[in-house]
Amino acid sequence: MAQSIEAVTELSRPADRGERLRRFVDTFGPFITVGAILLAWELMARQQIVTPFLLPAMTTVAARIGDDLISGRLLLDVALTLYRAFAGFAIAAVVGVALGLLIARFVTVRWFFDPIVSFALPMPKIALMPIFMLWFGLFDMSKILMVAFSLSFQIVISTWSAAHSVEKELVWSARSLGASDRATLWEVVLPAALPQILTGLQVALPLALIVALVTEMIMGGGGLGDTMLQSARYVDSPGVFAGIVEIGIVGYGCIAAMGLIRKRLLAWHQESSNGGTM
Amino acid sequence: MSAPATAVPGAGAAAPGTGISISRVGYEYRPPRGRPVLALENISLDIKDREFVALLGPSGCGKSTLLYLIGGFMPLQQGSISVNGRIVTAPGPDRGIVFQSFALFPWKTVIQNILYGLEKRGLPREECRRRAQHYIDLVHLRGFEDSYPSQLSGGMKQRVAIARTLATEPGTLLMDEPFGALDSQTRTIMQDELLSIWRRSPMTVIFVTHDVREAVLLADRVAVMTARPGRIKALVDTRFSGAADSAEVVRSREYADAVDHLWTLVREEAVAAGAGGRP
Amino acid sequence: MTAALMLWRALPVLILAALWETAARTGLVSEHALPALSSIFAALGGLSAGDLYYHTARSVGRGLIAIVAAIPFGVAAGILIAWYLPVRVLLNPLLQCLYPMPKVALIPLTIIWLGIGDVSKITLIFVGALVPIVMAAFNGARGVDRTLLWTARSLGASEVRLLWEVVLPAALPEILNGIRTAIALAFILIVAGELVIANDGIGHMINMWGEAGHYPGMFAGVIVISAVGFAADRAWVALSAWLTAWRQ
């Protein structure tokens, strides 16, 4: 009877008929509304209710995306953006998880990093971008490091709290079964904390994309962010809208991929399939 | 061992239109994915006014579901339920409920929790406070009026929940394994207190439990339910003549016999449900 | 916390600061790459300091307006989406589209639609802040324990009262958390939006000073906006703790 979510709606809709309607709407509703929005968009643009400059027709935007795809520019942009986002994400993941585990394990490390991390965590790190440009130039290096820096503290904190929340009994059992200090860390604490660590990484991933796009908008050098900002500069509104759609799809793809990876890594772990979002 | 239930103090013979009448009730859970589960099948049960009835059965037999249907919290799919002659369609202040999980509003203090239902009834402010204080005293929580639930022990939380429900003076009290989350000493104390409150001001009580001793000790009548799908397997009178003190009841021969009898009935069902495993 | 303990806690930060100052002073690192801390602090009170605070105030003002506007909208939308089918049908797909979208992709759109002034920036931050607030209110409202709802109903609460008296307070911890995320995101969007293109605001000034080679000013700008971001987060955490004191 573990269906508290169902129960919430039961209250407001006592009839069985409502139940069936709800299920229909939950399944097909999104398609209907999205269809309606797209239709309204096309009609508004066609009828010139809004000037094409502010709202180019959906078909124009779709054609633009098609052109970008055929010319290969879209793939190149996506590849560049993803390369920067994922390279930075990978650095942040390695550094963040390692540091997080060390902080959870060693008092000295905790003493040194705790104030630094808790100070840096809520800072808008994107403000450091001009400094990164100054230090590492305008190319991929500064973009990747900016992404890595923006994500690291968050991953440190989530790893730390994940390792901290591993049950003491589990660690003690491993110890009494003869596991060494290091083996306990690698063979018990890390896997036990893995679900929460992955949650931290999942939360950090969209930020990687955000920072990568901003760095491209500011420094140029290709990628979806750069291309889109160029379109805005040359008041090329189909380009801007194409960019939004492309970035939206890439963002959605990243989140979906991360969800799949999580499922693979956590096959042993019993968790509800709906991980917090809708 | 069975005195007729009509001998409940203060209660007359069950007149038509009083008490609770459950007639051919069925209920099926339809999870968003997977097969529907038949939780209740063809349940019929008449409960007299001011009778204390326990619903007893193994975990997952649908006894809580039946209680929620009487409360009007879930839509009735089959059959009908009426309380004091009125068909149940929605929750109402005539049926108070107490949950195992206490269901206290964690953002309200003890007295604010108890005031909530009173204020809904539109009573004057002074009257609300007076009554709230009365019920706080009744459950021995004087001095904790301004505590938040998170500062209370499990037993104290359940006292607040009981006081909150009693304060609105519902004719019917629905209790969903109310003492299931408490340690055994606290549970014994709470059982005694519930009995003494009920003896002073009897009302209709439906008490869901899977604890045979608790059912026998508290109830006038015990309805034993079968494993899923839930049906009424047996109705057993458990009213003992004369004994006022529950410690005395527990030592009596009738009590031991009743527990033994019910335990056999429940055990068969628990075994049938898969060695009593939780679903 | 005693003074000694606070010093002990702050010591690592002080060590870093000391290393920074020595590296810059001794010429180990070029003055251009890393101005000495002392010269940055001098910039905080120097000639351009008035500019610095003015532009910071402009940026923070934009963020504040957007967040304050986003909170009632986001909370109401989230709870109604969780509660009412028609609202869910109408708004859920929009949310599904906006949720995975990196909000900075809206920067170019706000530029062509609304220009580079206040309206454009505030809209950007508003939309960005709205999404985490809606999500939090939605999840919070959906997660309300059903026994709480049933209890309130049986005590006589009407449906509208139920939303206001039970669902909202029960979802409050999650909503407050969502707003914290929104504040962090708002700072990113403020600075990013202004770094990309703007006429004023702290992001714009950091950029200008960087291009002009006025590095102490640039670092000072970064430090000021970072400090404001830090302070905003701490203040919100403190406010949240106060609002949910009943949780102990």
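By letter and in written order, the chains are A, B and C; residue numbering begins at 1 in each of them.
Note that a residue touches a chain if its C-beta (ideal position, glycine included) is under 8 Å from a C-beta of that chain, and two chains touch if they have at least 3 such contacts.
What you see is a predicted model, and the numbers here were worked out from it, not measured in a lab.
For the criterion of most C-beta pairs in contact, the winning chain pair is A-C. Distance from chain A peaks, on a Cα-centroid basis, for B.
Put simply, the C-alpha centre of chain A and that of chain C have 17 angstrom between them. Chain B and chain C, compared by their mean Cα positions, are separated by 49 Å. Chain contacts: chain B has residues 73, 90 touching two or more partner chains. Shared interface positions of chain C, defined as residues touching 2 or more other chains, are 145-146, 150, 153.
Among all residues of chain A, those that touch two or more other chains are 7, 11. Considering their complex, residues 68, 71-73, 90-93, 95-97, 99, 101, 103, 105-109, 116-117, 120-121, 148-151, 164-165, 168 of chain B touch chain C. Residue ranges of chain C in contact with chain B, taken from their complex: 145-148, 150-157, 165-166, 169-170, 172, 244-248. Considering their complex, residues 9-13, 16, 32-33, 82-85, 88-90, 92-97, 99-109, 111-113, 135, 138-139, 141-146, 149-150, 153, 159, 184, 187-188, 190-192, 195-196, 202-203, 206-207, 210, 215, 218-219, 221-222, 225-226, 229-230, 232-234 of chain C touch chain A. For chain A in complex with chain C, the touching residues are 4-5, 7-9, 11-13, 18, 21-22, 25, 29-30, 32-34, 37, 53-54, 111-116, 119, 121-131, 133-135, 206, 209-210, 213-214, 217-218, 224-225, 228-229, 231-232, 235, 237, 240-241, 243-244, 247-248, 251-252, 254-255, 276-278.
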